[in-house]
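Each in structure tokens, the structures are laid out below.
In the two complexes below, chain A is the common chain; its partner is chain B in one and chain C in the other.
Entry: the complex of A and B
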């Protein structure tokens, strides 16, 4: 009897934690579906008002929401593609080959993982201004990749470490080239980790704020993080519309993350956290 | 290196160059986008340079460092950075550990619960900042409604504009966002705890706390140590949530090092002093990195890898 009491108490505690974890995003949804009159009335509305779904249509018309999301998507996909392209072969080399400068590269990857974006924003601004990369989505992809690729390489290296070398040796005897081995044997074996690092790179691009805020001034090139932040302190956009934009930016990220989180946890713990 | 296969390298073997071909693009990328900007940052930090015309540079030696390090405002920045980092890390790891232990048992819907718990971690930081600004709103925010509903405080509190309350408010939002990551990492470390050992301890009549100390903690300790260092580094570099919520204010009470750097460069247009702050920040990040490197090497040795 005592035991079941403890069990139920524990379930209650789990529900409480889940409630706290989910509440702010839920509150975003509620606010986006509450009429302005009710938002500023005495007591808050705790459930969304289905009649207010029109807020989302208004958000599409009155804000450049689709442009922002489109630009964020381009940045996120570009960062993912470029990071993977740059990381796969070095990850393999770090795991399987011995060469001079290997320790230096490993150290470089470690250090660059630790550098704050904001600390490089001044010199990158200077460099980008000289190469016409300010006000360009390409520039943002390049900058974001610089911060995604170290962790991606590191995690992939960890995953390749976990593959027995015998599998490759058979292919090597058959005369398969190294690049061929990586593409046809190694990559399929680390597919879950590839998915994980792709998502990590994607989020780097989707969430990134400081470079986008600093490097982009052309309205048509603004990304969602910067667009959303521009509502702060600006009073002409109603709060329900602001929250509708916020949720439209948040929800795809959350859903995407929930779908693949199994792989991310496995990837992070196999390569990232344990080093 | 211990895991790698030694490739046969004879003098004329073209395969000798293969590793370099493999790493060359990445190495070039890191040089262009990390090493070169770092060098530029260092050079900038020894000049007086305005953002209005960055090509006009006046060499001032170490004056910027002297100005920054002698500035009481910068001492406050360092103090706030330290407070922010320590509370983020202890709060993030502590709460993460508690929630991980809470979730580490068998119940229906466990998978769903473990997925839902990661919502804060998956939400974009700028969106997190925005929703917390709204929840902290003095007149219409849900926070004050909850506090008055619980009978804690009836009067409306202006969280983000109050110098006493802005930092705790920003910390609360940050810890809300990062604790799921800690939980998930610690949960996966908990799977390494041997259930036989734990059961044997319980049969021997050990209470929960001693089981935790004797069996659980030694297994997850290396993971928690690395986690704490990761969170330290992330707290040092966090810009978006703080900038969007307070821009470092009110009265500089949330002005961490990266916020201060950004303000100097893009609000006061003073690139030289901003770069000096940046170099100081890089030094701090490097010290933390080497601690991380050293700890993970030690953890690897302990694990017999």
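Entry: the complex of A and C
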């Protein structure tokens, strides 16, 4: 009886937390499907008005939303691929090798995380202008990657630490090179963590605003985060359109997460060694 | 000589782990490196494999100097205590992995292409046959397509053995491979590894702290302590003629009793008893020695019997086939172990009727005894 009470209480608690997390998203959906007049009425709608579905169509037609989303996708995927590529070997080295300055390097990676984007935007602007990286998606990918790589490296290092060294030693004896060990043994074993850091890097690129706003002036290269903010006007903000675009903006990120999350499963290394 | 160590030394920073070890191991020998934790036995094995660098000295395998070679070029197979299987691969792939690595090219790392190439190697008729014979030998045929996490401890250890076998290596190296298994399975696997050695031949080097494994499996035992070899010889030599008091106490359950004695002409004085020395025993004028006598070389008589040592029984343990008896040495001086154990131990076959507190006489069969210097602990012949 007690157990059943505890079970029901847990379900209620989970639902409550879920409600708190999901309500803003639901409210976005309701707002996007509420007419402008009703939006500012005394009592707000609690259910979406199906007749207002046209807001989405208008947003797609009247704004370059698809271009913005396309640019954001390129940046997010680019940041993800480059971050993983650049972080795997340093993470392996930090985990498995001993060399002079290792601690300094590891702490240095941490320090980069302590600097806010806003502080770096001016020096980066200067550097990017010298290398002709302003007004280019490549420049944004590089800037976002620089911010993602330290986090990704630290998380991957933690995952590699969890692989028993005997498994690598067995591979060395079986004739595997260092690079071979990383590719054949380590990467498959940390696949869940790779999926997790891919999500982190993807959102770094997808959500980034300050660099995108500062480095891009060409309209055709605008990303969705900046595009969304451009609706906020001095005199009026079309809330229904903003929410419709905002909701559309979250969709690709959710899809990416759903694609990747099935790899985030525990217990990949179980069975290899006694324990 | 199949395997030769020449003045091997190993230091980790200022810590010396292996002092100066030289050994020759013949073809088809099963060498057991035996010793307590921290004696350097696993380090020595890892140096043979190439997983640890040698600080100085040489290792020769079949006449080839190997200590500077990477592990993959030494053609040795290693079985780990923790099995060290590849958890993301099937049993079949685990066993085939060393063979795939032999034909490995850089482009095997390209996704899909590499997958197909590895699969092609795995499905080659000769490799398939080798794997299926190995699996059959080890009783793994049913689990070839399963992942290690679904197997029992014994099966996992057999997969590790299979991975070692398919390579047909110049030497098998095993680092306490049975210590994670339960007692029953350990006995079965012990016999299996011994059979494997008989069938495959070649040099086996086996690390253990379990003297039963050492005595039953090894053709040669090197007993290590503190980075030094205490004795190197056949199990029988080590049991019957221990080189010093450490070896004498380490091998044998219960260990050899060490009782202070003194040579007096053709006799040996123990306490107030004077026992005639056999012809083969050493002599020494009034020299004090440790008399080493195995528990099974002690028989019981009445407390007042002539030539018997009168003692009081402190403990009787019945193990079924034999009884283990402990005695208070009284005025006799016996060597203490690090754990302070100082009773005289004896074994008797069957179920002993003696109980703790009884006074009995001990008759020592000193024809089977060993003698050690009282100060250095070294054997006297």
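FYI, the second predicted complex is superposed on the first by the 222 of 275 C-alpha atoms of A that agree within 3 Å, B and C clash if a C-alpha of one lies under 4 Å from a C-alpha of the other, contacts with A are read in each partner's own complex, and residues count from 1 in each chain.
Convention: contacts are C-beta pairs under 8 Å (C-beta built on N, C-alpha and C of every residue); 3 or more make two chains touch, one makes a residue touch a chain.
Because the structure is a prediction, the values reported are computed rather than measured.
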Which superposed partner A:90 touches (first chain B, second chain C, both, neither): first
More chain A residues in contact - chain B or chain C: B
Touched partner set for A:10, first chain B, second chain C, both or neither: first
Touching partner for A:260 - first (chain B), second (chain C), both, neither: neither
Touching partner for A:120 - first (chain B), second (chain C), both, neither: first
Chain B versus chain C as contact partner of A:188, first or second or both or neither: second
First, second, both or neither for A:209, with chain B first and chain C second: first
Shared chain A contacts, counted only where both chain B and chain C touch the same residue: 169, 268-269, 273-275
Chain A residues within the chain B interface of the complex: 7, 10-11, 13-14, 17-18, 20-22, 24-25, 27-28, 31, 39-40, 43-44, 86-87, 89-90, 92-99, 102, 105, 107-127, 129, 142-143, 145-146, 149-150, 153, 161, 165, 168-169, 178, 206-207, 209-210, 214, 224-226, 228-229, 231-232, 239, 242-243, 246-247, 249-250, 253-254, 256-258, 261, 265-266, 268-269, 273-275
Chain B - residues contacting chain A, complex: 1, 3-7, 15, 18-20, 22-23, 25-27, 29-30, 33-34, 36-38, 40-41, 44, 54, 99, 102-103, 105, 107, 113, 115-135, 139-140, 142, 145, 176, 180, 184-185, 188-189, 223, 226-227, 230, 233, 236-237, 239-240, 243-244, 258-259, 261-262, 265-266, 271, 274-275, 278, 281-282, 285-286, 288-289, 292-293, 296-297, 299-300
Residues of chain A defined as touching chain C within the complex: 164, 166-167, 169-176, 179-180, 183-185, 188-189, 267-275
For the chain C and chain A complex, residues of the former touching the latter: 49-51, 70-72, 76-78, 80-88, 97-98, 101-102, 104, 109, 147-151, 153, 156, 163, 167, 180
